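Order of writing sets the chain letters: A, B and C. Residues in each chain are counted from 1.
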Amino acid sequence: MALRAALRGLLSCSSHGRLCASSTSFSQRNNSSSANLKVDHDQTTGVAVMHMQSPPVNSLSLDFLTEICITLEKLEMDKGCRGLIITSSQPKVFSAGLDILEMYGKSPERCGEFWKAVQEMWLKLYGSNMVTIAAINGSSPAGGCLMSMTCDYRIMADNPRYSIGLNETMLGIVAPFWFKETMVNTVGHRNTEISLELGLLYKPAEALNIGLVDQLVPEDQVLSAATQTMTKWLAIPEHARQITKSMMRKSTIEKLRSNREADIQNFVNFITKESIQKSLRMYMEMLKQKKA
Amino acid sequence: MALRAALRGLLSCSSHGRLCASSTSFSQRNNSSSANLKVDHDQTTGVAVMHMQSPPVNSLSLDFLTEICITLEKLEMDKGCRGLIITSSQPKVFSAGLDILEMYGKSPERCGEFWKAVQEMWLKLYGSNMVTIAAINGSSPAGGCLMSMTCDYRIMADNPRYSIGLNETMLGIVAPFWFKETMVNTVGHRNTEISLELGLLYKPAEALNIGLVDQLVPEDQVLSAATQTMTKWLAIPEHARQITKSMMRKSTIEKLRSNREADIQNFVNFITKESIQKSLRMYMEMLKQKKA
Amino acid sequence: MALRAALRGLLSCSSHGRLCASSTSFSQRNNSSSANLKVDHDQTTGVAVMHMQSPPVNSLSLDFLTEICITLEKLEMDKGCRGLIITSSQPKVFSAGLDILEMYGKSPERCGEFWKAVQEMWLKLYGSNMVTIAAINGSSPAGGCLMSMTCDYRIMADNPRYSIGLNETMLGIVAPFWFKETMVNTVGHRNTEISLELGLLYKPAEALNIGLVDQLVPEDQVLSAATQTMTKWLAIPEHARQITKSMMRKSTIEKLRSNREADIQNFVNFITKESIQKSLRMYMEMLKQKKA
């Protein structure tokens, strides 16, 4: 049922790939746009809003991940940017997660390169010195959920058609240890265990209940609520907040940092297995049939 | 009060030691029975139901533990068995836990052999590749609670006369670190701390509230609810589920596996102490008086 | 807002520094009094009540910490003392936490001495063999919250004007790893993360909700509720309870014990920084203005 719900969510999105990216630029704003990201950086408030606009469902391909990482790097280095809100310009979806096409029928080298980019995004987001808020205005399975969990705070649209969760197991693949630890740090060990074993996707109300998101608001208020919350967070003494955040997360970050190469090998060995490739093929065929 | 409740539960059981083990056998079933275990293995569904029927209260003696371990080993090796439901054929009790008679007045060697069997059962259950569901149709103190916690999912009879918990402290003994870690993984650190320090037994509603069990159902529906849940779990891609389960539990399992001998020594030294033997004697006398 | 609430709480206290320490002495009581502590030790029940009476707000100065440590040491050694209740004789405040005056404009040596006393108090309380109950009859920010969290059980006055939490970040300083771990052990990782990053102070109802306190009672019943709870805890087999408590806490305790010197250096280097001293000065000026 979780699977069907996930498919429904994803497919309903891919039918219309239009962008809502009408960017309003004021003089004090420093807006950069790449193909799939629109960044509104308000220099007055020190807050950047990163709109993901990679049609149809913000799947995290190698290219898109690379764009995201470059943008994060720039914002992190920019002293004028103290807060980051991540949201989606695509209708009904925040991000559909890792792009399956990057894992199917690819060479081990390419798979490794892809995985390194996934690691890089996680390291940049989970370890960011900025205040990071996920404005989850649509479904957020797998890698989309991971991105959300790296943030300091999660606000989700209160629409029961959306869902969020690490549902990798339903695709026959396995969330790596650092996905797992990010989730344990968010919702505890038992919720993570049952969630990952069953590949659960949670409706917004359920997600709030287990602490997977922090707040639900009506769909049209997700971004404004994120902006309001950001103001509160930016009022906190910055240096102390940053050291505290680092203290809470450094052991998890350190574990991946000191095992990146092994983690890549692990992923490549697993994903290139005949049986896993077959699982992914079946999953994609199911997606196509749903679409037709 | 917890103690009195536990005694009441246990004693009310031991007064009638009859078995409800009327086994219905169909051609597609592979039913094995040993003295104290009845296993219904449905080859069609791949689900085995293990009925504990060691009168009066399914106390985990060395013999009974050995039977359980042999049965678990067989089922684990059997490719046709993918799911295991553990339940009780004894009225009003799931399992009363470790058999006190195995800890009282026994030689250190015998105590060590007993403890090794407890470890073995835990290792087999907590690390099982099968989907394991506890159908808790009666009280489940101490070792009974441990067995339940090793499972992937816990369904308990919604009868306020039943209780569940690691109440070792009330007997003057101490839950070892791997009991503790299993509980921390289930209900978190603080619930475990207060629970173990006070030797708490929880009513079903309280157990549900802290996450010690996952679901309450009317008493006569425990097994059918477990069967329904099992169907959902078996629909999950198996290999990914197994790897995920192992990822969640392996650090806890590894900690015992690499410390078995020391853990046995620890237990034997503790349990054979004069003061602890006296505690156990007093506890047993209290049980007898209650009975009379 | 949290900050303002904290200030309001603290300032309203400092305006009247009177003591409520009218000690009633019976023959079976062994009451010791130092300048800022009144200890009622009931030899019959084995319970000592430690009243903090350091005006105006029980700030933990080096002198006061030293008094507390000496008292704890004595009680711990006294076989006749099995339970300790910690409460406040000051109106509206349990303890305002670490004394800022000990961190402002002091030599590195003095800062180090101060921090060593903070460590010592935590080590003594978190590792105590006694049953420890915090009778939180007023606001309990920062170090006051830490003291509360070291106890086995926390009962708070159900008065929405009081609050509790580790709000160090709001002062521009950082809770060290052992404050953090004590909180994670109490309310879990995510609650701790958001709580420490924002320097949150919780109203009693919120504190109960996240598990930061265990029970709320009307303000005039805090001490009697603590006494009742103590009776239940003292009925638990003592040796087993102590070993269990130690098992739950020893890894956290060990981490500080084996890093005391580095932790002191860390604190001294941080607190003597120009920028941190400036933060503290601004905070104290804000306190003064509020007062005036």
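By definition in this document, a contact is a pair of C-beta atoms (placed from the backbone, for glycine too) under 8 Å apart; a residue touches a chain by one contact, two chains touch by 3 or more.
In this text the structure is predicted, and so the values were computed from the model without any measurement.
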Homomeric contact chain B-chain C: same or different residue positions, threshold half: different
Fitted rotation between chain A and its twin chain C in degrees, CA, nearest 5: 120
Gap in Å, rounded to a whole number, between the CA centres of chain C and chain B: 39
Multi-partner residues of chain C (at least 2 other chains): 188
Touching residues (chain side chain B, partner chain A) in the complex: 152-153, 184-188, 211, 214, 232-233, 236-237, 239-241, 243-245, 247-249
Interfacial residue positions of chain A with respect to chain B in the complex: 168-175, 177, 180, 188-190, 192-194, 196-199, 275, 279
